[in-house]
Each structure stands twice: as C-alpha cells, then as structure tokens.
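In the two complexes below, chain A is the common chain; its partner is chain B in one and chain C in the other.
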Partner chain A sequence: MLKKFTLKKLLALGFASTLTLGMLGSAANAELIDELREPYIQSFKGKKVAFLPIAMGFDLTEGWAEAMKAASEKHGFEFVIRDPNWNTNAGTQALTALIAEKPDIIVAHNPDVQSYARLLKKAEKAGINVIQVNMKSSYSTNVYVGADWVEIGEAGAQEMVKRCGDGSGTSGKVAIIQGPLTGAASVYQVKGVMNILDQHKEIKIVANQAADWDASKAKAVTQTVLQQHPDLCAVFGFWDVMTLGAAAAVKEAGQTGKVSVLTNGGGNQMACDNVKSGAFDKVWSYDVPGQSRDLVSMIKMIFQSNAKPGDMRVALYTPLKVISREAFDPSICWSLKK
Partner chain B sequence: MNFNISWFTQERIVFSIALVLFLVFSLSLSGFFSVDNLIVLMRNVSVLGILGIGMAIVVIGRGIDLSMIAVMAVSSAWTLQLMQNGYGLGSALALGLMCALAIGVANGLLIAFVEIPALFATLATGIFLYGLGKSTMLDLDVIYLPENTGWFEEIGKGSIGPFPMPVILFCITMVVAWFVLSRTRFGRFIYGTGDNPLAARITGIPIRIIITGQYAMASFIGFFAGIIIATSVSAVNTRIFHSTMIYDVILVVVLGGIGLSGGKGSVRNVVVGTLLIGILLNGMTIMDIQFTYQNFIKSLILLGAIILDSVLHPRNEETAQQGDI
Partner chain C sequence: MASANAFTRARYKYFPDHLIGELLSKRWMESAVPTVILVGVFGYLSLNLPHYLSPINLMDLGRLYAEFGLVVLAMGLVMIGGGVDLSIGSMFALCNIAMLSLINMFGWPLWAAIPAVLVFGAALGAVNGFLIGYLKLRAFLTTLVTLIIYRAIVDIGLMNFAVEISGGFLESEAWDFIGDGDIFGIPSGLIAFLILAVIGHVMLSRTRPGWHVMAIGGARRSAHNAGIAVKRTICLTYVVSGVLTALAAVFFAARLGSAGSDVGSGMEVGVLTAAVLGGISLGGGRGSVAKAIMGGAIVLLVTNGMIRMGMEGGSSSLALGIILLFAVGIDVKWLKNRYKIINKVYVSPSYLELPDAPSPEKGSGTPYEVNDRLKTVTAIGLGTIEGPEDVILDHNDNLFAGTRHGDIIKFSGPNFETQETFAHIGGHPLGMAFDPDGNLLTCVGGMGLYGVKPSGEVYKLTDETNRTWYSINDDSRLRLADDLDITPDGQVYFSEATIRYEMHSWPLDSLEGRGNGRIICHDLNTNKTHTVIRDLIFPNGICTSFDGKSILFAETWGCSISRYWIDGPKRGKVEPVIPNLPGYPDNINRSSDGNYWLALVGMRTPTFDLAMTMPAFRRKMARRVAPDEWLFPNINSGCVIKFNEAGEILDVLWDLGGENHPMITSMREHKGHLYLGGISNNRVGRYKLENADPDWVGIDSYWGKKS
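Showing the complex of A and B:
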C-alpha cells in the first residue's frame, strides 16, 4: 500500500514538476533577450567612417578598404574613401576637408611620421575619432591598428644574425633597403634592426639605402652592392613589393640560395608565390585580413562605447605570420576578391 | 696649339666632368674600375638612356614629350594586365603597342594640326592616359608579370655573353636612332623642322607629318622601355608616373648638349649625358651615400655643368634662337 501510494505520488510529483519546469522554461525563453544585440545594431545607424589611405590600388589599402566596405554594407553605416594617390599634399587637403565634414571616424594611413600630425590633433579636437593604420604618425590618436615595425625589424635582424653571424661561415655582410626615410615603416624598422645588430658586431652593414618603395630602384642598388660584395650574405628589404627588385638582382647575378632575401609585407599571394619560387627566403607577413578584422572591430567598439577622442590610447599590433620555404603554408596568403 | 675656348661645347664639358669623376672614382673606390661594375653601371642607366634617345628625337624636332613616362608605365602595365586576363603574349604586346602609338599619334595631331604647344598637349595626354589606365585599364598600381613567359622575360633579365640584354637593347636603340636621324630623309627633315619650321615648310617638307611621326617614335620607344622595366623586375609600377623620372630624361638630353630650341644635337649627346648620370649614381651607391643626398649632389653637378656652359657661351643675338625656352 505504501509502495503503491509512493509510486503514485512520485508519478504525480514528477508530472507536476515537469510541467512547472516546462512552464518556467518557456517563461525564461520569452524574457531572455540578448541585451547587447539591439544597441549593437542601432550603434551603426547614421554613422560615417572615412578612410584616407596613402593611395588606393595596392594590396594593403585595397584589402583594408574591402573589409571596411563589406562591414558598412552589412551594418548600414556610411563609408567613404579619399584617395590622395601618393600625393602627401593632396592627402593633407583631403584630411582638412574631412575635418570640416565631421565623419564619426577617420581611418588614416600616414605617408610619413610628420605630415598629418598636426591635422590629426585638430581632428581629435573637433571630436572625430581617429584610427591610424599600419603607418603611425608622430602624434598618437585613440587607436593604432597595424604592424609593430620594431618587432619586424628585430625579427629580420635576428634572421640575418642566424644566417650570417658567427659560425655561419659567411662574410657577415648584409644590405638593407628601406622605403622613404621619413615613413614610419622605415624609421621603426631601422630601429628594430639596430636594436639587434648593435649587439652583433660580426654583422657588417655594407649598404643601407632608401629605394622609395620602388622595385627598379631596389634592383639598381642591389646590383651595385652585389658587384662590390659578391660575398654578400643577406638583403633585407622593408616591403615585399619593393624587394622584388632586389630578388631579381640576386637571381640575375646567379646568387639565388647564396644571398638570402628577407622581407615583409601584407601577405598577398605574390609573397607566397615568390617564396615558393625561391626569390624570397623569408617573408614576415602582417596579415592584411587579420588587420582588417582588427580595424572593423575597433570601429564597432568606438561606435558602441561612444568613445571620445583621448579616451584611450590603444595599439593593436598585428600578430606576425612567417612565410618560409621550410614551413610553407599557402593558406597564409590572401588575394583580393575582385 | 691654339687653345680655343669655344672648343668646350656643353657636350665636351659634360664629357670632361664624366671623365674626371670616372678617374677619381677609379682611383679612390676599390671595385669601381672593373669590367663587371662598368657593365652594371651601364645596365642601371640603360632604360634612362633609351628614354633619352626617344626624347632627343622629339627635342631635335623642336618639341617636348611630357607624356613619355605615362606611355611607358601604362602601356607596358596594360600588356601585363592583358596577359593576366588570359590574352596571349602576342596579342597583349600588340594591344599595348597600339595603346602607346595611339597616344603618340594623338600628341602629333594635337601639336601639328591643332597647333597646341607641345608642352601643354603632351602634359594633358600624359595625365589623360594615366587616369584612363588607373580607372579602367588596370586593376592595381603594381601589375606583376605572370610566371613562365619564356623568351619574353629574357628581354629584361637575360644576357648575351657578359652583356645584359638592357645594355644591348640600349646599343641597338642608339644605332637605329643614329641611322634614322642622320641617314634617312625622315631624320634630316626632323632637323630641318626643328631648326626652322617655317623655312622647312616653304621648302616643301611636310612638317605636320614629320612632327606626328616624331611623337609616334617617342611613344614607341617609351613602350619599349616599359617592357624592359617590366621584364627586368617582373612588375610594372605605374606610380613611376608621379616620380621625377620625366625630368631625369629631359636632363639627360639637355645635359648632353641638345638645346631645347631644336635642330641641333645627336644620339652622341644623349650617350654623354647618360654616362655622367650613370657614373655619378654608381659611385655614390658604392660609397653608400643616402638616396636623398644623392639627389642633392646630382643636382649640384648638373647645375654646375649648365652654369659653366653659359659662362663659356654667353647668349647673344647671334646665338639665341627664336623659340628658346
């Protein structure tokens, strides 16, 4: 009897509790709203992002613009590009005009450390958030997204020490090919290189030349250097597109494999192709798709947090990817959709 | 021997400076005076020299072609772009050449028939072609050469014996230009047109056809130089349009002693100007002088050469020509 009662009771209890729990559950379903989602969607409305690259038409800027444009289409904010086409003067004018237009965010890609510094400060005073991308101005704004040039310079120099330093049985002679001397990429990479090479006196820098991001100039410089120093051990070029010229010079001199060609870039397909063909020995990629995601994330963060200029000083240095023949992974590289 | 100051023409002054620099570098820089280095020296200025010859033809005919760099960059980049898009090498080259020639002929028609000053006409067509190229013809600033193009790559990268192809092509361009300018009727007519267009017309020279022809030739040479650059570094960087290269080309021509007033000069002048620039650049790179200082030193030496010329040959009513710039 007792047993029966218990079973009955138990069954009833079980039924009742299932029912209650079920009702509770459905009530929770009705009330649990992702409270971040609506403000997230609303935060993009009526916003405007302006992108001021050094120029459109090359892998880095096209890659960033593609990602920001895709985000603007998805989330419904306005996205404009002002292309000064390598002309610093036109860039300053475009920036001045943008300050008057008052977009919510300016994404600035600095041609050198000085030219935009004052205007970026002015933009912040006018209440515009400024994200600097890959090439920093001497004036720091809320956010920097881009490569850590010092780190890249150090990585390149360490590789030179590894390949050409004590015990390598080489001459220890290296050549460095920079971009324009005043560009952030050159200034900070040289600093990184010197951080390492100052402790390694066995490495001799036989040439330290600026080739202005131009492959033909890089080729001419490398040819002359190779002529003077046929026992050169390595060339370190500060951008893959330019270093292509140095690689061509090494190849023509029949020195492929003997002279290491080291460089860095945005990780475009071209870099993988040239590592595969043996033109480049090692490329440090600052991964444009990764940078693009960082850029869009920072845009989203500023919109949602209503950050004001000066609220933060944040740097998102891009994690580097290494492209080398020993550990060749074609999926590291990317190409534009088109 | 009678020392005559007028022996020192600009060409000879520049040649002397080149010679002095050559001697100084040979004695002071180890590794400068070697056959291999001299070949590298020539190789590095061969494209400049080829463009200089194209410019010289136009300048002798009393014109100037500021669109040359745009033609060089855009037509050769377009050729590579077409190859990437799946065109065969032959048809891509033919289309690229046609693009270059179209601009050359357009320059000629604007200058000879519409009678727009060459300075403005070629400035405009150059900007036009660059804009058209960037907006519709080309995907990116830098166009890469597709892989495995066989003999085509040899144009910039190959060599015959110890001589790199660009140096050989520079020599061929010199010989052909010399032949055209001094041994053909067309060439002599260019001198006639440049020296005095009105007199040339009265004597029955078809100056409008000659002018159109000389711009077409300059564009052809521009395309040729572009292909050498493209195959040499496996890419064309159209940004070169924004560089000071066009001034370097004019400099090589004027420095060698070809007056902008037309009718004078020959291929030899271009060679002398190119040599001086080549020796300077090579020596300074060996010394590891920074690029920015290189420009500074280069401009000082060039200015010096021109000042010396105007001191030795002051302009007067006799030597000045109508149309001097």
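Showing the complex of A and C:
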C-alpha cells in the first residue's frame, strides 16, 4: 500500500519537476557537478594521522607538523604527535603503541636506518599506511617524502672539489661532520660524497666524524680539526643546525672566509641569515614548505585512493634550492608562522 | 547504657583493630608506597589511554619491561651488595653492538653468538668487579669511568662498522622469536625475565650466596669478620650484573636490531631511579627482587605512558622527574616513620568486661581474706638468682630454677646452699616439668619448648606449631611459651601467653585484653606439635589433673581457671573451674592432698577493671602517653591459693607487706614445704606447710614412686 503510494507520488513529482525544469530553461541545464569534490571532502572524515618525529622543537619537524596540523583542521581529520625527544628507545615505544592504536597513517621520521625497520613492517602488516619523511628506514614503505641525500652529498662534494681541488691553491683538506652514523641522512650523504671524492684523490678528508645532530659536538670536532689542520679548506656539515657549531668554531679560530662552511637543511630563515652573515658559505635547502606540501598531498592521495600498505613504492625526492652569497635570494627561506 | 555497652562490645569483637599494627609490621609493607604508586599509575593510564588493556598493548609493554627489568635486576643486585653500577647503560650498548656484529657482520649462528655475548657481558662486569671488589676502588667513580670507557668503545665501533652492523637483517625464526615471539601471549623476553626473577629471589632470600651479598651490603666489615669472602662476592655481583645486562641487550638487539649511538645512554639514571623507587637502599643491604620488579614497572609505565600521552619533549622528562621526586620523598618518609606508626598503633585494646572481683579484704567473708602467713618464708639463693619464674624439685631434693640470664640453676644440699649452673639454654626458662625419664622440660620465652637431660645436655623439642593460614602475624613461631605439663600418655600441653608480643614486652599484652594466646600440644612419642585451643586471654599456668583426663589452665588477664578435657566423654571441651578470681592467676601445680596450688601474680584493681571496658581510653593512652606512664595491671603483690577439683577455694597464703615474697608466679610443694618462684624476684622462697605430707614428692604424683 505504502509502496504503491510512494511510487505514485514519485511519478507525480517527476512530472512536476520536468515541467519546472523546462520552464526554468537552459540556465539550470548548464550546471556541472564536480564529481571529485564530494568524495574528496568525505575521504578525510574519521581518519587519523599520527606523526612520529625524532623530536619536536626544531625547524624541520615543527614545519611539517604545522602543515599537517593546518590540513587536519581544514579537512577535519585527526592529527596526533608523539614526541620521543631524541630518544630512539622512546621512539620505538611510541611506534609500538601507535601500531596498537591503529591510526590510518603513520608519518615516521626515522632516527636511524634500523631501529624502526621491524616495527614499520609490523605496522604495514597491521594495515597502517606509513609515510617516511626525510630520513628513511632500511625498510621501505608505501611512500617516502624527503631529501635525496645522495644528490645532496654529491652536490656538497662537488662544491668541495671546486673550492679545494686542483688549481684552488689550497691544502685540499676537508672535514666531514655527520649526524648519527646510522641515520639515513648520514649513510646516504656519505655515499654521495664518496661517489665524487673517490674520483678526486686531491681532496684529503682529514676528519670524518659523527656529531649526532648536536651543534656543540660539531663545534668541538671542528675546533680539534682546526688545531690539527690550520690549513683546512672546507667543512661539510650534514645539517645546518648542527653545522652552526662548526661555523662558530671557524669564526672563533678567525678562519671565516678561509675555511668554507658548507651544509644543508630545511631552508629556515636561520640558513639565509647565516649565509648573509658569512657563517655559511653555501647551503642546499630541501625546502620544508615544499616537503610539507608533498607530505599533505600524499596523505590526501592515500585517503582518496584507499591505498593499502604495499600497494605502491613511491618516493618524492624534494627538489633542492641553493642558498649562496653569490646568488642570494631571501625569498628561498621560510619561517614558522607562530 | 546496656545497648551502648553492647555496641562497644560488638565493635571490638568484630572489628580487627590489631590487624593494622600486624600488617604494618610485615617486612613486605616496606613496599607499600611503591605498590600504591604502581597501582595508581597503571589505573590512571588504563583509564586515560585507549586500548591500554588490550592484549597487544600488554604484550608490547611486557616486551619492553623484560629488557628494562633485567637491567634493574642487575643494578638491584649490585646495590644490595653495597655498590652501584653506573656503567650499566654503556655495557648494554656494547653488548647490543657485540650481538649485532656477531650475527650481521661475522655471520655467527645464534647458538654461538648469544652465549658469547653473555660471556662478553660477564667479562665487562668482571672488570668492574675486579676493580671494586679486589682493588677496593670506589664503586661510584669506578663505574663512572667504565661508563665512559665502554661508551667510547661503542662510539669507535659504530664509527667503523655502524653501517655494516645496521645493514644486515638476520632472517631467522629463532631470532624473530627472541625479539618478537610469545608463548600463550607472554612475550619471550618476559618469560626469561620471570624465570630469572624467581631464581634471583630464591638465590637472594634463601641461599648462602644471597645472604652473603645481603650481609656485605649491610655491613662490609662485619661480613668480613664473619668469614665471608667479601672481595669475591662483591666481584661476583658485578659479573652477574654484566650477564643480566648482556641478556637484556640480546633481547633488545633481537627486537630492534638497532645500532644507534644513543642506545643505552642515560639508562643508568632510569635504572637507578627504578631501584631506589622500588625500595632498594642506596646504602646497600636492603632490597629484594620484588622491589626491583616493582620499581622497574613504575618507571617503565611512567616513561612509556608519557610518550603515549603525546607529552612534548622536555615536559615529559620534567613530569617524570617530579613524580619520581615525589615518590622517593614519600618512600623515604614512609620507611623512616613506619616504626613510629607501628609503635603508635600496634597496641590495640579490646573490650573485656570482668565480673566484680571478690574482695580479699579482712572481714569481707570471702575465702580470699588477707592474712600474713607468708611472713615465715625463708629465702634461697637471695641476691644470686634473677627471675626464677618457676621452680621444681627432684627426688634428691635438688631445686631447679630458671633465670633471666638463660640458665637453669641447681640448688642442692640440706639448706640449698650449694648453687651451680645446671644448664645454659639461652632464653629465659619459664614453666618446668619432669618427664618420665627424668628429663627436665621447660618453656623458654622467645625460644620454645626445650628439654634438659639429667646430664645437663640441652635439646630442643619444638619451636613451632602449625601456621594458621588467615593470621597475619606468623603464628607458627613460638613467641612466648609459658608453662607446661605432661599427661600420662606423653602429651606435653604448654601455653603460649601471646602471639603478638615478645618475651621482653609481655606486660603490653595486658592492655589489649584480647585472646591473643593459645594452648599447644607437643607429642613426645611422635614429636609433632599442633595448636589445641586458640584465642585465650594470656594463658599461663597448666596442670594435668590427678586422674590424667583433663588439664587445668589459667588465663591471666581473664582472671579465671578452666579445664580442658583430653579424655573421657567431654573430650575436647573447655569448662570453667574458677570463673572469677580477685587477681591474675599464674602457675598451677599439684598439692600433696590431692588439690591444686595456684599463684596469683597480682591483684585486680577497680580502676584497671574499669579501663578494660574502655578500649578507646586505653588506645588513646597507648598513643599519646609515654609507656612509662601507662596504666598497667597490678602485678606487684599477690598470694598463693589452694583449690580443689570443683574450683572451691580451700586456703590462701598472703605476704601482707609484700616484703618477703612479692609477685609470686609459681609454687611447688615438696616434702612438706612450698617453694615459691617469682619472675621479678631475686630469690626462691621456702615456706613450711603445716599438716602436709612430709614425704610427698611432686614427680611421684605423676610417674609413681621411684624405688
């Protein structure tokens, strides 16, 4: 009875609307519906992204977190941060707990190539998509967003060859200051550096040490090297914040301008300021705003495509920007909004 | 008024006040504060973190806990031995790298690599042990130096091999099981930890090496003087610590396979905090496996919880620090003040209403009327003996009396002028009785039931009875065995006055008025002991009836004599004989005319009787007033009473001035004389009885005349 009635009503309604549409004319007929927009909006609902940095409180992680947080507020997905504060063991605990909590995406910033590997595998097995950011684990997950460390290492080494190599009139002595030796940024940058320097035997690496991303350690290392080798030609530090220590040591030794300080980083305002002041000679920036946009894009893509772990193996290597005194462009750098 | 009394009575009958003090006195109460914190932290986290109680999460926590717990155990052992091991985090890192490089770089099989790493850990610990144990360097500085040295080795190793070590990824089921496996949901690491914890607990609390470690931690010099190999034992604690740390590192390596440079750095702080928080003393000598387990669990839960709650960076360390400071502060205060609290709350008075006491006043018409008949008592061994609670005589007219010094003194000769130490027992001998073979059995306060052979050789009959499962105080140990008697079939019935106080503090029991005592039976034939009657109010004197079918026993604060049937139709029943005495009864012994002698150690006073019905008043007194000022029962002057089987009072002997023989605790009739003992006296009294059998010897009435 009800069904019949409804059917009748529907028919009447259909007839009526046809009439109405006809009367309204061509204007209504022309309205197109963007069929991607609604699923796009819906794809964020009830989703959760967890960010596991090495630590909060420095430009890279704060920059990424800011962008992801802004996206989560705009699109209405949940965003949480677990901060192990430079403690790898705490990081593994946080990751273990996250696997149990089952967010839709874990954005993992690996302290080294090994510590999280097993757990990331476990996370994927549990159906969680993992985006690794800037520092890769030896275990590859669906997505990697971050710097191409080999490329940066090669660029740095080429600059060293240019400044200290044959015909430069220098001693050819260079020092390399790494982060933690097992960190992806160290492992692959060293590889890039060696790719170049193996062909340039005139460059002598007089120091190749780990300062564990710590500026004071980098300063101590550089001071020692400068005492042993006052004729040092260049220092290549694997991260700008850490390399500030090396620059300070060079400055204290009165060697600014004589010892080139080369480094790389997220392109924070600090990098531009220091290039301007002469503390750094050249900085390769992997542009945190750009990385952040890549990150958010990959999050959106995973949500909309319903990708499962293992569906893809994608790497988005960040295009490099170069900050140098010769071609100084302050617009390259960025700073946190807050 | 009556209902108010009934209420008070019910309140003190059913509310177990005395358990509070007993609970606090337990050694495991030292861990009360950490336990409360642990439960609190766990409760808070499970309420505030999603999925906290899920099996997966608990398993993950267990896995983390196994590694941390092993290291806390290692640190705890060293600390109990009076040392400290700051190098524990560096050792952990070094063993982790050793394990990873053995399997990833050198391709060793697990069965070889794991033992090799454990031996390596032992060697690292042995370096500490040798320096601290044998060369007697300070533990703090030595391990601080090894911390730096081991960490430097880690750094050098990483510098050269980090990438190779990290590069490999051993594909092995056994390795996966160690790192990630479980048996019935219990992580592999936790199983190993639990097994080691049990072994550690048994070792530490039940075996010689464990006791040696405790003794050295408590007092190194004393331990050395006691013949303990101090150097070797200390060295071994560091070796064991190294092995436990190495094992933790193996589990860590299997779980993460990480050769990061920050592995184990700062670990010593967390581990040290865990050990101290659990209650392991920094000064050594105090601690247990349980405490290590507890402290480790708290620190792990707090640190892990902070990470999980998304606390940012420094704030989580700060919060952890504050919680730990707070906890350690409470813990220290608790340990320091626990004994003060116990002193305040241990005495827990209850309600005891006695009928009005019959008056001993002259002209009162009661059988207890005072007289001065004991004025003629003569003193034996005046000033040479202290505290003869009981006296006994043998066939040869030798008199035996116990002393406060733990001896049994034998007086002999026509006027007992010869005095010699018959036996040295060690505790204060109280009640005495001869067994059929002529051995002198005695209840020794604080020790139990002992025997002395005619040769003077001392042997133990028992110092324990069956444990009641629901009692908090360990009631299997005999605290205050008081008086005994032997039945014709060889059962020794003896009283234990109280299970709540020790020999030196027995008068405190009088303030409670609770049935804290019991009667215990020891079978001379089977050497078995069991408790016969419980909840008696200071049971004291015991005497087998002439027919051997019952025993008479006195309850001192209960002011009564009762009969316990051991044979015949009423077997197992207790019935009153004298329900209401004017004083506090002590020992009961046979008289030559078929009746019984009873000593009243002191007389009741209306004040104290009233106080016994006011438990709140007595509690307030015990808490607020110094013990010297407390209201105690009068146990200074009393009398000797003779009564018959029916409980009728036949005779009473008083020493009115209390000058000759105050505070009589026992009397023994022998050949027409009565010999008087008193637990605070410095003499044995001798009183000539009129109309008594001049040939009657006490032993004969038990075991027949000896030809």
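In this text, the second predicted complex is superposed on the first by the 307 of 338 C-alpha atoms of A that agree within 3 Å, B and C clash if a C-alpha of one lies under 4 Å from a C-alpha of the other, contacts with A are read in each partner's own complex, and residues count from 1 in each chain.
Note that in this section a contact is a pair of C-beta atoms (placed from the backbone, for glycine too) under 8 Å apart; a residue touches a chain by one contact, two chains touch by 3 or more.
Model, not experiment: these values are computed from the prediction.
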item	value
Combined model on chain A: chain C and chain B, fit or clash	clash
Which superposed partner A:Gly57 touches (first chain B, second chain C, both, neither)	both
First, second, both or neither for A:Leu181, with chain B first and chain C second	both
Partner chain in contact with A:Pro84 - chain B first, chain C second, else both or neither	second
First (chain B), second (chain C), both or neither touched by A:Gln228	first
First (chain B), second (chain C), both or neither touched by A:Gln42	neither
First, second, both or neither for A:Ser216, with chain B first and chain C second	first
First (chain B), second (chain C), both or neither touched by A:Ser297	neither
Which of chain B and chain C A:Asn306 touches, first, second, both or neither	neither
Clash with chain C, by chain B stretch, listed 5-13, 185-193 or 293-301	293-301
On chain A, the residue positions that both chain B and chain C contact, one per complex	55, 57, 85-87, 181, 209-210, 212
Chain A to chain B touching residues, read off their complex	55, 57-59, 62, 85-87, 181, 206-212, 214-217, 219-221, 223-225, 227-228, 241, 244-245, 248, 251-252, 270, 273, 277, 338
Complex interface listing, chain A residues touching chain C	55-57, 80-90, 92-94, 96-97, 99-101, 111-115, 117-119, 122, 138, 180-182, 187, 209-210, 212
Chain C - residues contacting chain A, complex	50-51, 54, 56-57, 60, 64, 155, 158-159, 162-163, 165-167, 169, 179-180, 255-263, 266, 303-304, 307-308, 310-314, 316-317
Complex contact set, residues of chain B against chain A	31, 34, 36-37, 40-41, 43-44, 47, 134, 138-142, 144, 147, 157, 159, 164, 229, 232-235, 237, 239-240, 242-243, 281-282, 285-286, 288, 290-292
